[in-house]
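By letter and in written order, the chains are A, B, C and D; residue numbering begins at 1 in each of them.
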């Protein structure tokens, strides 16, 4: 197979020899272990630079906000998988991450791109309200959902969104993107005919982008955070299993409506 | 299907209603977001309690220590998977976690159980040296490898292990388990005929168990940490792809040695 | 990293050049496509030889027997994953395979190894009944379950097991292993105090091993077969989704029993 | 969570009671095991109907054609994953399926949709050449690749494509779609400025759609087929491992180009 012209032959993340491990240009054992938090390290791994105190606070807040929300489908997928293969924790983690799906994990990134499109118009001298209106209508015309607004359970207010913006105000990083996110929330009732409140997947990119976190790395935040929640559920599953209860309840909720041989009576769950 | 007597019908991790999300008994939006670090949250999710300052330092240090070590097989698996399905970041994360495998992800837990077996004998009044010797010889008799010692690259010293123990000394949490880990290192040359230095997968459980982290949750630490490193590599893969270079190099290293039809000449890579 | 002495640098499965693809020594386009069935090809891929007519019948029968059994946990895992990431069919297939778990996918292999242990004693001149008794008691002493017997739903008879043995009789391949499987079924009531009927995961290795299928390849049969059933469910999921109904039923079956902040009332599903 | 109006509560694939398992309306043990091939069963599972002899020949031929092509990236992903977690075959299968990626697994479906767009214009009375030209130019205008044409290794001829069409001719199922596929191949040199030969991912949907296989089920064929090849590689990996050789070759091909602490010299592989 020929390797295309776009292929690279190098990586800038880590190197090592017998006595030293280098991560993003730092000596891991001497400069990083014990000196920085895991959140700092995640920022460093992704961007190659160390976060400021404000950036660390914002990244911590977003990771905490999105890590856990109960028995969501991906957690059920993970717990059912662990029940089926108790010895393979990493298989259950992998299945749970797949079960998060693009819908959950992609929302923050999609909202970030939506805000970036509005920010680009503002940067090109559009008035903020006009810019927001224009991009909302563009999404509507293309029948794309407005990412970052509305939640099936938290209909009037997503409390995580409010807290994230309070943290941004506290550390002084609130700026253009949070402004855009709030502007969109105000415009939606008129433009789409119903109120849709800002949800956590809208607040995360707004807070992170204002803090200088790179747009291209947004998707990493919900994936890492959800992995933490998933691990907690899987360790609980090992101690008090609910995986089979979940699958039993699932199959009891669905009936067979295909053809049957004569005299066949499906089992009642 | 009958659900066995061991099945549970409850979970203690999270609950929510329209206005509030509860995680481990705390109001997520009011008590956690912006107030605790992601590392605190991980400890809380796993154990139900908040870490002390010393516990946070130790957990941060272990997560930082194990997150990244270059183009290890799991990273190659993740990058090759992303090259093949560029739109599915979570598929590449899942594949990379599977590629970490039990060997890498299980080492900390295995070493923790090994130390716990020695600690149990000490708690039952054995002298520390005798306890360590007895368990080492038991593992040898069962042809089990001694987990947490030896590294293919860091033969004389794993610098991450030394740093972790320095952090434990600094925060004042070093205790029984670190003592056991060092005792074992001193005994190995005599008992197995060659020196094997303590590696990061031995130092992690020793430091965590001394800090009061639960044995049953050890495996969660390398999984979460490696996920962070993996995400960094996948974001780099999106910017400057090496996935196809990796697979090209791999296939070039292997030749076909099965039968061939007459006149068939395998392609030279 | 040093590569151990056990490492190989060759593979005997497939090679290709610009005009020809060789699989197991055959020209794929000229000798295989259109000339052999997929089941023949699977046998060839795994063993390097072409099956006889009897071997093909047995392999077909076992693959058909184990492919599908309704909304088992792995199917729910796959369907919930596809609901969460509708664009990634392969992610849902991967999650579903993980959800099959070692318990389901490993049963045929475990039963095959159990029968092989009995066959080894018979080959070393033990009487068949004595050999079976000895190995059953050995498993009991080690607290290992007897693999291939008992089924939570098909308590009196697993109809798939009976059909597989009828096929083996019809093609003339029934032999030592089916004899052992039936002998074990007769001995179990006395030896473990209750009747446990032979299930499909016991009948599959007995039929395959008698037909000359290699013991080491047993696990491949349920994996390939379940993948077929899983794909059918995922295509149905695309047409009429039940993934969210499954997860809704699951979460409604579990209550939160952790602590709560004052005045918090969990949502009723 | 509210379940949307599109949600279903039933499935038509399988049901069972204590004595009987029904698959697609048939009694599995009495009507299917031993009476039909695995390929028949796959068609039945996916479509609810039994294939004709011609349909079975075509489905067999396509599954055989796409099952195996050497050490492709997905096979490397699977083998490296198994090397890292030797006890978890299903984890390695899952990783390998993820490693196939949308690019490989989606090609047949994409080509099927491309042909269906041309067929729809022909059905609406366009001349076949005009219809093909129109859809090709539409794809070009949208900067979409033409799916099913060109192969990095088989530049002049994909021998699998020719064989598949020979089978279709032999069983008498060749029709509109194969005609379209060939027409497109003739038009491409003029329309895109270079010859691109029909590849196996174009020939598969053309042959299957002519045989009456449903468009929506096309993606299932490469997934099932590649799973068979993957299992063969994983069983070979258990006998003679190359997983670590692959990852060693991969990491040796990539150099670190990030910053380094003073005096740090990366290890030579």
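We take it that contacts are C-beta pairs under 8 Å (C-beta built on N, C-alpha and C of every residue); 3 or more make two chains touch, one makes a residue touch a chain.
These numbers were taken from a predicted model, which means no experiment stands behind them.
Novice: Spelling it out: a chain qualifies if it touches chain A and also touches chain B; which chains qualify?
Specialist: For chain A paired with chain B, the chains in contact with each are C, D, in label order.
Novice: Call it same or different for chain B and chain C: same when shared residue numbers make up over half of all numbers used at their interface.
Specialist: same
Novice: Looking at C-D and B-D, which one has the bigger number of contacting C-beta pairs?
Specialist: C-D
Novice: CA centre of chain B versus CA centre of chain D: separation in Å?
Specialist: Comparing mean C-alpha positions, chain D is 35 Å from chain B.
Novice: How many Å are there between the centre of chain B and the centre of chain C, using C-alpha atoms for each centre?
Specialist: Those two chain centres are 30 Å apart.
Novice: Determine the centre-to-centre distance between chain C and chain D, using the mean Cα coordinates as centres, and give it in whole Å.
Specialist: 23
Novice: Please list all residues of chain C that touch 2 or more other chains.
Specialist: Residues 1, 9-18, 20, 70-71, 85, 87-88, 90-91, 94-95, 98, 100-102, 153, 242, 244-245, 248, 251, 253-254, 256, 267 of chain C touch two or more partner chains.
Novice: Show which residues of chain A lie in contact with chain B when the two form their complex.
Specialist: 1, 3-4, 6-21, 23, 28-30, 32-34, 36-39, 41-42, 45-46, 57, 59-61, 63-65, 67-71, 88-91, 93-95, 97-98, 100-102, 105, 153-157, 159-160, 162-164, 166-167, 170, 216-217, 219-220, 223-225, 227-229, 231-236, 238-242, 244-245, 248, 251
Novice: Which of the residues in chain B come into contact with chain D in the complex?
Specialist: 70-74, 76-77, 80-81, 83-88, 91-92, 94-95, 98-104, 153, 242-254, 256, 267
Novice: Under the touch definition given earlier, write down the residues of chain C that touch chain B in their complex.
Specialist: Residues in contact with chain B: 1-2, 9-18, 20, 22, 24-27, 48, 85, 87-88, 90-91, 94-95, 152-153, 253-261, 264-267.
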